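Worksheet: the structure to be examined is printed underneath.
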Amino acid sequence: MTLTTLGSSCCYGALWLSAALFALEPAHAASERERLEAGREVIERLNQGQPQPALEAMREEFPFLADATQGYALGEVWSREILDDRTRQLITVGVFAALGQPDYMKIHAGYALNAGVSEEELKEVIYLTTVHAGFPPAIAASAALAELFQERRQRVEDGP
Amino acid sequence: MTLTTLGSSCCYGALWLSAALFALEPAHAASERERLEAGREVIERLNQGQPQPALEAMREEFPFLADATQGYALGEVWSREILDDRTRQLITVGVFAALGQPDYMKIHAGYALNAGVSEEELKEVIYLTTVHAGFPPAIAASAALAELFQERRQRVEDGP
Amino acid sequence: MTLTTLGSSCCYGALWLSAALFALEPAHAASERERLEAGREVIERLNQGQPQPALEAMREEFPFLADATQGYALGEVWSREILDDRTRQLITVGVFAALGQPDYMKIHAGYALNAGVSEEELKEVIYLTTVHAGFPPAIAASAALAELFQERRQRVEDGP
Amino acid sequence: MTLTTLGSSCCYGALWLSAALFALEPAHAASERERLEAGREVIERLNQGQPQPALEAMREEFPFLADATQGYALGEVWSREILDDRTRQLITVGVFAALGQPDYMKIHAGYALNAGVSEEELKEVIYLTTVHAGFPPAIAASAALAELFQERRQRVEDGP
Amino acid sequence: MTLTTLGSSCCYGALWLSAALFALEPAHAASERERLEAGREVIERLNQGQPQPALEAMREEFPFLADATQGYALGEVWSREILDDRTRQLITVGVFAALGQPDYMKIHAGYALNAGVSEEELKEVIYLTTVHAGFPPAIAASAALAELFQERRQRVEDGP
Amino acid sequence: MTLTTLGSSCCYGALWLSAALFALEPAHAASERERLEAGREVIERLNQGQPQPALEAMREEFPFLADATQGYALGEVWSREILDDRTRQLITVGVFAALGQPDYMKIHAGYALNAGVSEEELKEVIYLTTVHAGFPPAIAASAALAELFQERRQRVEDGP
């Protein structure tokens, strides 16, 4: 993608008008409070009615980051409805596996299982990772996923 | 993940036995020819009956790499059946967008459309990219996706 | 960072209460319209009163992404006041140089010059890149920065 | 690299023919069993006759990934003979150091020492990392390499 | 950036001459000893008069890497004067946060605090990270920064 | 790697002494002029007696970066003698292929050929890239390598 830092004002003046009008659509009246509430609903749905510990741990020192995660990442992006939770979590597991972030992959693999994704489907995502990003991130992700499966089986054995 | 380069031969001797037995399962009799054929079927299904130009372009100088792509990436990994083509392509679009590889994302976004994914669903994946990997790769991916949509609309207008 | 996907409901119930209260602070009444307006002011201030072409180019196909860039990235994050524009752009130039994104680095280097950063200061950031991320991204960034300096000198010669 | 998702069927029809013929070469008759056996020989040669613990640990939960590592990564790619083991391991150590994967670098540095690479040569690779990818991955790699040297000296002191 | 590996000797012959002359400037008489001394002064200024433990730990096994860090990274790049310590550390914190290197970010965040940067300013850099590189590296950086703040507050409570 | 930002002055005071003594070794008397000369010899040896165009192009706007590349990267790191040119270039080709920097990989692949590495050996490095970092960077590297081979064959046909 080539980007230039200037455009002739004539062209963008017009574009800008449409943009300004766009900014007036009712959809844009959502308040920050509504976005935070939407994010809270998403996290509770993904996390079996529990707040997300890492998110809560951020609130004292990093309230802006906690609010941005809840209001933007979860409230705006994650609350959209064109993709279902299963698909969104499968994509996210594949992305964090390929980026070499097994801790984040593990969190979202847990959300995926909560949303009805099977262990077999999660393993398939990791197999794809060998093609997307090579064997090291796939092996690291498989170890994190095996931990998650083990923890959840243990919780089932331990019972309520 | 902590990895150690040595294990006591006692333990791994036993593991190794099971591994050796595993290697004798009928599933493992697949020949390289069968794997290449499976890969050919995958690429033709994804690419509307066409060979993949980038793959074919590699054959003369890099026959091993072309065969590895066709036999391993496509024939072994991509031909598996637990995930459907739609889901596998949506994951791959999300991964290549997040990794900052818009050229590869564009190829797989085309496969996704061929597999029945909608333009709206592909846009949702790009919105997720802002959370996964930040705004620059999302903006670069959106530009590549807009090109793809434009090219395909143009082809429809031009007709057969 | 180790993250666990569950916490005892007792502890997080309390945390959650404080979070819920937090969500009621007046600061959170900002509407999407106000955020978009804040983002518009930021981009015009950084870009000498011009809209940002890459941003405007996204609006037709990717209105959500354009709004997220304007409302979240610019309106919420970039409009904060603890760091001044000079410092924020110098950091961003250093980040995009190290991440190997010279196109984005060039855009923000232009904003930095508009905010009063000197060419010499921008060069220093690129020198730091050799330590942060090695010589290839530093050399790529230096080429993009040289282009920017050349384009702006040309515009000055061409006059209004 | 510019990639297009379509080519005129005329041209690729011909290319495809040659590809199909290529797929019939004797070299391609290798069965999955033969590939797994080739991979087993590679890992035993690199790892002083021992199976690779991380590989074996994957077999139960991720048999496909273990087989892909053994059959593709080791059996196909690593078993080739144009590069010798010393060179292949030195390259791999340099790559994993630059990619910021000190755990994987450490494993392959151990294989390199087993293949006759000297400690001094491994240190040189890390010095190159400062140029390739900056000082942080080089410093992280140096710490992992120092651990490896220490562990192996300790094993020598402890004796058989 | 497009790079070619050859140029006509005519053109570069001239360029080379100027390069050769450049190499004779007095500024280039600095000895390795002077560079190491300059690096020592930088690290002591940043680290409150203390040597840098990670740097010292490298000296025995990796003297070249320790000298390159002290003589090049610190002595040449970090000792320059166009950017002040505050700005240089803020940039470095933003870069290591975006690159997903929270350990290095934490070290430089400590230097930043030693140089008079406020905790609030460091938090702002992390908020920028959500735009530069997504939420996972920002959240990881926030955890490392919270640890640093906690350690320093503890040291103040413990007193001298 | 865990790093702490403080160490008791007692321990590091001693370490520091040895470091200071180390700084007095004759090896450290090398002047900047000698380092630049060493770098010039390396580039001329690698590039068949030609200056490196990208390096020369940096001199006017970025003399410090050009000197750092020539004096540190080439003069200090690349001029070391424990690894030979063939091995150092093969490692560098593998690293830049895995990092997704085909332009830099192409430059060093040219140096490798100049140092006596065969086309077949370079192809092997690219095959390793599929394991190290996945198929997209390997395919991108193969395209850059095919360009290089074509350019050099063309030059041979064109003759002196």
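The first chain written gets the first letter, and so on, giving A, B, C, D, E and F; residue counts start at 1 in each chain.
By our rule, a contact is a pair of C-beta atoms (placed from the backbone, for glycine too) under 8 Å apart; a residue touches a chain by one contact, two chains touch by 3 or more.
All values derive from a computational prediction rather than experimental measurement.
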item	value
Neighbouring chains shared between chain D and chain F, ordered by label	A, B, C, E
Intersection of contact partners for chain A and chain B	C, D, E, F
Maximum centroid distance from chain F, chain identifier (CA atoms)	A
Interface residue identity across copies chain C, chain F - same or different by half	different
Distance between the centres, which are taken as Cα means, of chain C and chain B, whole angstrom	32
Centre distance in Å when chain C and chain E are each reduced to the mean of their C-alpha atoms	21
Whole-Å gap separating chain C and chain D, where each centre is the average of the chain's CA atoms	38
Two or more partner chains touched - positions in chain A	1, 54, 64, 68, 72-73, 77, 80, 96, 98-100, 104, 123, 127, 130-133, 135-136, 139, 143
Graph class of chain-chain contacts, one of line, ring, star, complete, other	complete
Complex contacts: residues of chain F adjacent to chain B	100, 123, 126-127, 130, 135-136, 138-139, 142-143, 145-146, 149
Interface residues, chain B side, partner chain E - complex	98, 130-136
Residue ranges of chain C touching chain E (in the complex, touch as defined)	1, 72-73, 77-78, 80, 82-83, 87-88, 90-92, 94-96, 98-99, 102, 120-121, 123-125, 127-128, 130-133, 139-140, 143-144
Residues of chain E defined as touching chain D within the complex	54, 57-58, 61-62, 64-65, 68-69, 73, 96, 99-101, 104
Touching residues (chain side chain F, partner chain E) in the complex	1-7, 9, 12, 15-16, 18-19, 22-24, 27-33, 36-37, 40, 47-48, 50-54, 56, 59, 63-64, 66-68, 72, 76-77, 80, 103-104, 106-107, 110-111, 148
